[in-house]
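Two complexes, one shared chain (subunit A), two partners (subunit B, subunit C).
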Partner chain A sequence: MSDPRDNVQQEFLAEAQELVEALSRDLLLLDEAHQRGERVDSALVNEIFRSVHTLKGIAGMFGYKHVGTIAHALEDLLDDLRLGRTIVGDPLLDVLFDSVERFQRLLALEDPQAPEEKSGVDAYVAAVRSIGAQPATEDGDPLEQYAIGSAVLSVLTEYEEHRLRACIREGMKLYRLRATFDLAAIDDSIETLRDVIHDDAEIITYLPSLEGGNDESIELVVLLASHVPEAELKAYFEGRYGTIEVIEERAPLPTNPPNPTLIPPDTRSELPPSDDDWGQASLRSLANSVRVDIRKLDDLMNVVGELALVRGAVSRVVESFAADPKHRQSLQELDRVGRGFERQLSELRMRILDVRMVPLGQVFSKFARIVRQAAREHDKQVRLVVTGANTEMDKLIVEELADPLMHLVRNAIDHGIEPVDARMRLAKPAEGTLALNAYHKGSNVVIEVEDDGCGMNAHKLRETAVARGLLTAEAGHDLTRQDMLNLVFLPGFSTNTSVTDMSGRGVGMDVVKTNILRMGGVVSIASEHGIGTKITVTLPITLAIIRALIVTVGSRPFALPIAAVREAVPYSPKDVRSIQGRKVVTMRGETLPICDLARLFGLQPRGRQAGRFVIVCAMGTRELGFVVDELVGQEDVITKSLGKTLSSVRGFAGAADLGDQRLALVLDAPALFTEYFEGAGAQLGAETHA
Partner chain B sequence: MTQVVQTDTLVPGSEHQLGTIPVLSVSAGNETYGFPLPAIREILMPPPLTPVPRAPEHFLGVISVRGQVITLVDLPKLLRLEVHERQTIGRVLLVDSGEELIGVAVDRVVQVSQLRPEQIEYASAMSAELSEYIVGVARVPSESSTDPEEMVILIDPGALLGGLK
Partner chain C sequence: MAFHTLIVDDSSAVRAFVRVSLEDADFARVQEAETGFEALQLLASHSFDVVIVDVNMPDINGLELLAFMKKSPRQQGTCKILISTAVDGLDAQRGAELGADALLEKPFEVEELRELIRSLLDPVAEVSG
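Then we have the complex of A and B:
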């Protein structure tokens, strides 16, 4: 198979990509908190540090020198940040955000060591270093006022000590929580506790106490800092975790530990080095999930298919014994077992499909950065509101969705949301809102991209379409308001006259629509002039299974994804006319171009012409009728790609197993539309004419 | 002479440790073809074939093997060695081309023989213009009584996919 070194390289790139995405996500959170003037979340800074640290490590292993150099410089900066040697501010955030771009560009390079990149990297590292240490104001050591005990203080790491000071400075109270933990799961339990109390309290450190516990459990003394009133904290922890007491603010006797239950100095060496929680935490987060090539899941699915065949074979053997009364009891038993097997098999199938599901947040998180950047570039203020980021969809769809959604998001900022001054004049809030909403609806996922910008002027859209020659003035006259809005989906329609950095790069709404249709989805548009625009994308949860109309052409089965099908009507050859070499029929007063699939595919149509059907398909505002021999019915099918060998053959999205090893080719409706109406369309039409 | 490299191309892996290369020979049309045995995943009775309209002539269509969709090619047509109309398919070889499995339709499977490198006449050493899929030819002892030796056209599975794309 392929070069194992390539695989390792791919693994690295995938992991690095994930780290950079996580970094980008966390930086946005940091930025948001900073803009709102909130205190710096130390857990978040740690998370960022961890991403950069891991990235540095793996970049070193795989020879990505520049990535490693940048990560190293950032690591120092972040270490200063978490130790309170520098503060969060715009220069620091700018440098950090800049790193995301740089990492992504460097990871995309053919040559990870490219010498021409060196000067840019060096300049960036210099910029990082220049931020350097900006010490936070010192005002004496607050630790001395607390009866924490030197035994504890002496084992605190520099970081823990810093956090302790910072918490005291923020006016938090210190608490000592005494709780018993299961030895086997102690790390997880602490981590869970950390998460649970995250918003209300911070764990500074924890040490084993000498009391309590047994072979399987251990009592820990946890040093906590919190803003929450003592009574509330007590009510929460007592009973659930253990006892909690306030560490009083008073003159300490530093050399004499006031709390004898804290570990005495002579056993200190047995303590786990408290630095460890860094390493362990990052190891744990990696160990919880595995990265799997989606093709392996396809392979698993194939094995399930094979098992179903085996089950069928067993049934047939059982049937051959059915006539023999001697075996009756065993056969009943076998039948029962067989049905149990079948249930498990369908369960297995569901579980495998489930593994393919990933949260849409994976793609949404990419937009957060884009929105921030785009808003800055355009001097617009945009707030991104995401709901339903944990809505799950098939990994393949989520991947495919990134580009169309990106286009919609860019459109909303570029053309939708107005500049601040314009919004003020309209008495709108200065900050525009861009909402990304995702939710389940039956077996579909709905994704909405909504902005409170200027909306679309339907009549202006119609004028533009007529001006571009996409529509005759008469045809335009009859359009409903919704029809006018839908004009933006026409190929060659683009309202922006200037090409900006943001959108208008030649990928129009028609491409968005085509891509979404290809995934078996639909896209619709709602807009009020002056109020805002909402684009709604509805997609099946999984690509693996689509609903298809099975038809035959030349006695061979073909599958047509139901998403594209409007209706099926009987074909009457006598109603067919020719317009400019293309065959058309008239349906309800409208002219419908038709394409005979038998002719297109060079097959012999079966039976009488009159018994055939026209399948009316719609794509955007265009309709096309495919002439087929027979309708077989609707079926849920699993589409499999035709592989690299046949990728150059146009018109098929893949093949679907109809059972008994018989395959039906799945028609690629968008490709057939493109072929018919553009480029090769002329030949296609002529062929139909011939 | 870069014989070592070429042996590797013919047989991925370390099967040639003993200096011989196991080759599966099959007959298709009027010729005998040889594939490096490690590249053969399976030999199947032909499953139902679904022809793909508009595909080049050397593609017979697609087949379903345990739920996997596999392209079936006609070897003599691909190699442009002869013009014949295939009536029936005797067996299907599933060949690992390095990236995806390719089905190769043949009339029958002949035998597995151990080839020594010196039995192989490499295409690079021959003057004749040959298809890029052919590594060379080898003469192997034949089952037939009339001709003690048989010429086997050796196919490079790795080149198959590249050429078919």
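Then we have the complex of A and C:
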């Protein structure tokens, strides 16, 4: 059994990650409201405070000293903010945005106490501390003018008390709503109440009382502040939720005497015996979700694969009886049951896949921060417009997507959107627009990164490619406009000679393309000079299931991810030529290098050479033909890892069950390309390794 | 016999930490509540030896739960521990006034928590025999 402490550590990291993501999202909302000049949403500020506050608490308990130090400094700052002692401004937003990246980095450290991080953390804390609090304006305590009651005041936290004062100062009236809730369904009821109240009132707190409550129900006193007139609130709540009364102003302060019916504290032994039916009572959790390690879902998916194999084996046993007429009726019945089983199995598969899905908004929210920061650094005005943030895809893909998308976003700001003065000269709006759109298309998700910046000059791209020796002038001559745009995906291609902080990090569009391809996706580019650029990334919803072309080599099945396959053509040995030791064929006037998989894997090819096929695969701008024996067809397959011992074997992405007790190796097209072209780049003409 | 303990905290990591700390060597049986509402459900139907409550929670805060337990016949013998952090100083003080038997400041260690519970429950064990 694993050490429970390891699980607790995992729990910490998962929660810390969630808190940082929530912080990131909330900061964007705060920033947006600030940019629009809106008043600060107190609930939002409190949420931000709570995230940091909780993070500080748990970081300390789990030995994440630096995270704790930063969170502590921010906590003080945010406490000042939520208690009205400081205001939202650019310096405050800057340190807050900065914290998100710091937290993420520190949480990823092997050694959470790493001494070399200390100086950076100290400098950051000093920056936070430099944003001092302003003394709160003292104009007497408005709470004293209200008959709230000391019993109520004594259970308010400092923050709730502050909210009460703030609401009074804003001219809201205070209300006391008394309502009885069914304990078993209290979460739903409170949710409904919150929806009803929504923007009309601020809920300060819920006070549980014993009056009017028992084991099944409980009375809550909900303290509300609202601008809505008393009569209106009364008309709505009375009868529906209980009674509502306004807390009068300038009434004498009554002191609630302690409840005389209290049972003295030392009567423990006289109380009903403590419950031994511990597990039997209704312990329905209010939070209806659990965190699951994604590997556990992979394991589940593997079990589904095994089940499919068992089903196949049963079918074959059944077939062996088929010849015998006396089993006919039973066999028909068995066949019907078997089909039902398959339906349920595919349902199970779909549901497990569904659990892996997370909204893309998780990664989009990171970009808003980057856009804000980048635009400021470059003196550009950029508005980020996000659509389809709720589009869901596999958690693993969403994680992998962050870097390539980040690069595209940075490119758009860095090279796409023009500085304000340039835009004015071009009669474009001063503020550039960067759109991130996501939507489902069949079993794919499409993500567009679109800007209304300067666009690309296709002919200039071609000149650059030729100048850099990536392309011969003759080859360049025949390129279509789209081909010219695609040149940006060549390794070593960069149109901007100046290296900037933003995107000049030595990774170019070729890396973006390779990463997307690795996930079984494709990336395409559309651009109009002077108007803007749109990069479209299409990805499968999940990597757990891929669409594959099943082929055989030496009578063994192999699966080729369909995303890499361009076409399949009959193979004719007589057309094969040898150029510098490599086999090539000519297709539509182009030279296509080919790789005989039978030879590569040391398998005996099928005797007859005619009737074999060349599968033309494309990665970036390179094409390579794989020679195979037979085409079996297309299939959705679940890729399983080859396990630790075989993980070093190159060229295979994993294995897949084909459902007939045959296992196909899934070819790793990018790895095979690298294997094939490595060291031979210079001889292959146009493309060289950067 | 293991103590019946309830931990009320909106942080799942803190709840897991408390659970693992206390369930080790069968020291205590721990139930968890993520929200004040969930705690109210449990407090209405169970008696606990120890209830550990975080002061700063959304909706129903720790102080309100302390006030509720003070009035609840079922929880009269219950030891109440209020968890807070330095920034909640004022709130922790109020907790003491509302009948918290001990204040525990985050971050705390496993042994610190166990020792605190031992010291709180031993006299109770003597009284009730």
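Operating definition for what follows: the second predicted complex is superposed on the first by the 446 of 690 C-alpha atoms of A that agree within 3 Å, B and C clash if a C-alpha of one lies under 4 Å from a C-alpha of the other, contacts with A are read in each partner's own complex, and residues count from 1 in each chain.
Operating definition for what follows: contacts are C-beta pairs under 8 Å (C-beta built on N, C-alpha and C of every residue); 3 or more make two chains touch, one makes a residue touch a chain.
For clarity, every value in this text was computed on a predicted model and none was experimentally measured.
Judged by the touch definition given at the top, the superposed model places A:T645 against subunit B, while subunit C stays out of reach. After overlaying the two complexes on the shared chain, residue contacts for A:F673 are found with neither subunit B nor subunit C. Once chain A of one complex is fitted onto chain A of the other, the partner contacts of A:F489 are absent, as it touches neither subunit B nor subunit C. By the touch criterion stated above, A:F97 is placed in contact with neither subunit B nor subunit C. When the two structures are aligned on the shared chain, A:L663 is found in touch with subunit B, with no touch to subunit C. In the superposed model, A:F367 lies in contact with neither subunit B nor subunit C.
Contact comparison for subunit A: of subunit B and subunit C, C touches the greater number of residues. After overlaying the two complexes on the shared chain, residue contacts for A:Y241 are found with neither subunit B nor subunit C. The residues of subunit A shared by its contacts with subunit B and with subunit C come to none at all. Only residues 4, 10-14, 16-17, 20, 29, 31, 34-38, 40-42, 44-49, 55-56, 58-61, 63-68, 70-74, 76-77, 85, 87-88, 90-91, 94, 97-98, 106-108, 124, 127-129 of subunit C touch subunit A when the two sit together in their complex. Those residues of subunit A that touch subunit B in the shared complex are 1-2, 301-303, 305-306, 309, 556, 600-603, 640-652, 654-655, 657, 660-665. Contact residues of subunit A toward subunit C in the complex are 4-5, 7-8, 11-12, 14-16, 50, 53-54, 56-62, 68, 75-76, 79, 151, 154-160, 183-184, 186-187, 190, 203, 205-210, 213-216, 218, 259, 262-269, 271-272, 274-275, 278, 281-287, 291.
If you check the complex, the residues on subunit B that touch subunit A are 47-48, 50-55, 59, 62-64, 66-71, 73, 96, 98-100, 102, 161, 164-165.
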